[in-house]
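Each chain carries a letter (A, B, C and D) given by its place in the written order, and its residues are counted from 1.
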Amino acid sequence: MYQSVSIIGGDKRQLYCAKAFLNDGLKVTLGGFDKLKSDGEFTILSPIEAIKNSELLVFPLPCIKGGKLNAPFSKEDVYFDEELLSSLSGKKIFTSMKDRLFEVAPKLKNEQVFDYSTREEFQVLNAVSTAEGALEIALREYEGTISKSRVLVCGYGRIGKALSEMLSFLNADVTVSARKESDLSWITMRRCKAVKTEKLCEQKPFDIIFNTVPALILDSYLLSHIAKNAIVIDLASVPGGVDFEACSRMDIFAIHALSLPGKASPKTAGETIKDTITNMLEEDKGCQKLA
Amino acid sequence: MYQSVSIIGGDKRQLYCAKAFLNDGLKVTLGGFDKLKSDGEFTILSPIEAIKNSELLVFPLPCIKGGKLNAPFSKEDVYFDEELLSSLSGKKIFTSMKDRLFEVAPKLKNEQVFDYSTREEFQVLNAVSTAEGALEIALREYEGTISKSRVLVCGYGRIGKALSEMLSFLNADVTVSARKESDLSWITMRRCKAVKTEKLCEQKPFDIIFNTVPALILDSYLLSHIAKNAIVIDLASVPGGVDFEACSRMDIFAIHALSLPGKASPKTAGETIKDTITNMLEEDKGCQKLA
Amino acid sequence: MYQSVSIIGGDKRQLYCAKAFLNDGLKVTLGGFDKLKSDGEFTILSPIEAIKNSELLVFPLPCIKGGKLNAPFSKEDVYFDEELLSSLSGKKIFTSMKDRLFEVAPKLKNEQVFDYSTREEFQVLNAVSTAEGALEIALREYEGTISKSRVLVCGYGRIGKALSEMLSFLNADVTVSARKESDLSWITMRRCKAVKTEKLCEQKPFDIIFNTVPALILDSYLLSHIAKNAIVIDLASVPGGVDFEACSRMDIFAIHALSLPGKASPKTAGETIKDTITNMLEEDKGCQKLA
Amino acid sequence: MYQSVSIIGGDKRQLYCAKAFLNDGLKVTLGGFDKLKSDGEFTILSPIEAIKNSELLVFPLPCIKGGKLNAPFSKEDVYFDEELLSSLSGKKIFTSMKDRLFEVAPKLKNEQVFDYSTREEFQVLNAVSTAEGALEIALREYEGTISKSRVLVCGYGRIGKALSEMLSFLNADVTVSARKESDLSWITMRRCKAVKTEKLCEQKPFDIIFNTVPALILDSYLLSHIAKNAIVIDLASVPGGVDFEACSRMDIFAIHALSLPGKASPKTAGETIKDTITNMLEEDKGCQKLA
């Protein structure tokens, strides 16, 4: 249906996304990538020229950084000024974090703007990618093998699910904490031990602790009970769920690992952005429910 | 039965080994560690004093480096001279790589020297540790997720087994190559695809290739067929099984990863040395078959 | 807190439930079990006497059968008449399928009636139990090994999840069908292939097909495309999701497997009823949200 | 290379084997199957006619029963008399249990007789098939779920390996007993607990016990310590490894499950016989080592 797409801003992930669209047979234009030289596959233009060139536009992840388009490969800053906004009129725009985009460019509320970053298929991939990045950190930092280590995963959302399954397969002794009784049941069905969050302090010390919950769970009291000799890896978004100051006081190695998917697997991240957008277009065609 | 053990030379692994003996209630002396300060748990003496101090002696892994004892934490070189050799007389010596020790100190052939590094339980742990180290490299170097990547593992010895099972659990699309028909059967029973080594060139390109076979399998012909865009990780001991020059010519990222257990999991390695020696002493007590 | 419980009606599951309460230190009375002889552990009384004997009452699964209490071990039918109803007044009643109970005994709407069968922990266990029962049927009926067989699981609810994970672990080549894009993502993350329900007809024939969706998915058209030589096992509640008449016409072995948990694992079912009720009482104590 | 094969005697497995040869494009003749009617795919002849018809001959599993060919689908007994023996002269004969065949027909020692039943690929499949059959029995007989049950597997040969991996994936709490220290290491690397055979009596009682060792391990002393309420499934060949009389005295449910592959998965068994013979022919062609 659609023949052309322009990738406007972004990092390595968007380059892999561009490549994936190319493999699907679309004409792909890059905007905001003038630090790179084209290798002939892509046309590299200024953002505005790139926007004019295609029906479909893809904004990066995150889309906005410091009030501007997130465009690390662009020599100049890209602002959502009148000229840019008018070039966007009538286009089909796929972006991440729609709300932040609207804060910077409220006029876009009148355009066709779709958010790929809230889609479940994108989030699941993100969770797997984050879990793999967390595993890499644990493999690097922990001086024993993951096999037979005592591991705690706080939280049983997407990341907690993906991570605890991986660790249990690698023969770790995995405990997962959650608040909901229903989560506890699934946890024990998947070869892990379950513990209610409020009973974490009764646990014996762990070797490695992963936090996925965006709330201060690992406070100094809990850390002193279960983390004395542990590696602590916090995966929750800022401000995280670990008292890092207490860790430093108690000489506990702790790391706040953010934005793992972009760092650990830009290829898969970029391909997933393409897949997600394709699914959204497909559903739209079939049943008109894009939005 | 035995009350005291001296750890003679070695790196971080031997310190963890010492700690593990301590937790078992033995008196532990360190020899060849005078770069470290004692924290009160261990007595640190010169190698000869340490040897005199205990009935059981543990030599490191490897035991010999450049004709001397492998003792990176010792300020001075430790040679197997007459003085040292005579202090060893009548002791129970546990070492790795017995043959290399005998080359340097042939007189020890008359002593009670036992090799923990050839024991199956030690080798299995080593394989798991190597597999985890290899996984860490793949997670770090490959730009996609392991999940859904196309992976090849060459060889189905201990490391090939441990590694291919891990990767399959992480949702990779795993192919294992082996020569023996009987290996091929087990491979396909464990959720992997099996291919005969001589038919590797018929495979489609892979994303990640691990080699565990100490023979030149991944030559330039094979690399050009199945490794064009792959990460190649060679785990076989020197000279390895990959034509690295060809890789560099073809711009294939290749890495020769050696001695992973010591680097990736010194804690588990040290504890396993202790466990293995304990098993050997146990068996000896029961049925006189230590050797 | 509570010291006594009466189990009113039910089959083998309720006997295991009674045993589990006994192991927790409660006094347990059975009502509606006069076909059995007491072995001294339990007191067996008439339903009304048993009801009077305890604060907590447990009704069976299902609670109602043919307008009466489901009590296969009772010599006489047990109706919800005035006498029984008045004995229930003021008691804490734990039942399955509350709505069906209220149809037969509307007055109970004024009493404290709690439904354990809608709780997630109960449902998860039920799903695992059903999946194991379904696996048993497949092992019995299919003439090949599950390992390497081509299997389809229709639906990715609790049973679909539990069953597809099991089968994939047993080295089957598992495809799962679902309608939601988000389900498809999780399916492929868990070592299975995903297919949209509407594209099932494009699949190659399967060896074994499990249906978990309570809607006619496996109609004669689909069966003729993907089930020609298959074993078909329908796990969906009446009327199921398989055109059984078409199966019989096409000589496809098909079975409608109902109420598997009670048949396959009454022990675990009974213990889970106890666990679930204990959780409900615990939460009630803590935060007054029993209901 | 070879164009025709005759299947001489055997049960359902040999029919599936015949079908598999047919799918490979060979001309297939059945001998010793005159109770069946041909459906046109196969030619059914008398054993001697069938033998004369092909270059390759396949004998069944077991090949000999009561001094005669094992041929349950033959109306008449088939003896290795002079006439039969002379028809076999010069043929390529693939059989199971070569030694038993030679006992009955010593003259065949001068012919080209090859044993497919001792090949590793055949044995591995047999192990998986036996493990699945054992799992089916456990699912049927045990009143709880396999998930979370306490299970013991005695022995870590092929069947012990296949079975313990399956059970651990199904979320059972699996202990495996073995004599060799090296086996114990692999067991604990594969998400199971390891125990030395001689320390089995120190274990807490199990829910389900599988024996794979052909030696009396589960004697009345051990049974009384770890099997009081257990289901005991003996998979070892006659006389097995369980004191069945003691089981009956102690009211322990015990079952001696023999010849599971033929019963549980004749299809896979038959196809594996074909695959194994094909591998043998292939190797012969390549490097002349058939034998």
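Basically, a residue touches a chain if its C-beta (ideal position, glycine included) is under 8 Å from a C-beta of that chain, and two chains touch if they have at least 3 such contacts.
Computed from a prediction, not measured in an experiment: that's the story for all the values here.
Engineer: Pick the pair with more C-beta contacts: B-D or B-C?
Structural biologist: Between B-D and B-C, the larger count of C-beta pairs in contact belongs to B-D.
Engineer: Quick check on chain C against chain D: do more than half of the interface residue numbers occur in both copies, making it same, or fewer, making it different?
Structural biologist: The interface is built from the same residue numbers on each side, given that over half of them are used by both copies.
Engineer: Can you name the chain that lies farthest from chain A, using the mean of each chain's Cα atoms as its centre?
Structural biologist: Comparing chain centres, D lies farthest from chain A.
Engineer: Could you tell me the distance, in whole angstrom, between the mean C-alpha positions of chain A and chain D?
Structural biologist: 50
Engineer: How many angstrom lie between the CA centroids of chain B and chain D, rounded to a whole number?
Structural biologist: Those two chain centres are 38 Å apart.
Engineer: Starting from the mean Cα coordinates of chain B and chain C, work out the distance between those two points in Å.
Structural biologist: The answer is 50 Å.
Engineer: Provide the list of chain B residues touching at least two other chains, using ranges where the numbers run on.
Structural biologist: 125, 128, 147-148, 171, 189-190
Engineer: So in the complex, which bits of chain B are touching chain D?
Structural biologist: Of all residues in chain B, those touching chain D are 119-121, 124-125, 128, 162, 165, 180-182, 184-186, 189-190, 279, 283.
Engineer: Spell out the part of chain B that touches chain A in their complex, as residue ranges.
Structural biologist: Within the complex, chain B touches chain A at residues 12, 16, 125, 128-129, 132-133, 135-136, 139-140, 142-148, 166, 169-171, 264-268, 271.
Engineer: Would you tell me which residues of chain D are touching chain A in their complex?
Structural biologist: Counting only chain D, the residues touching chain A are 147-148, 168, 171, 188-191.
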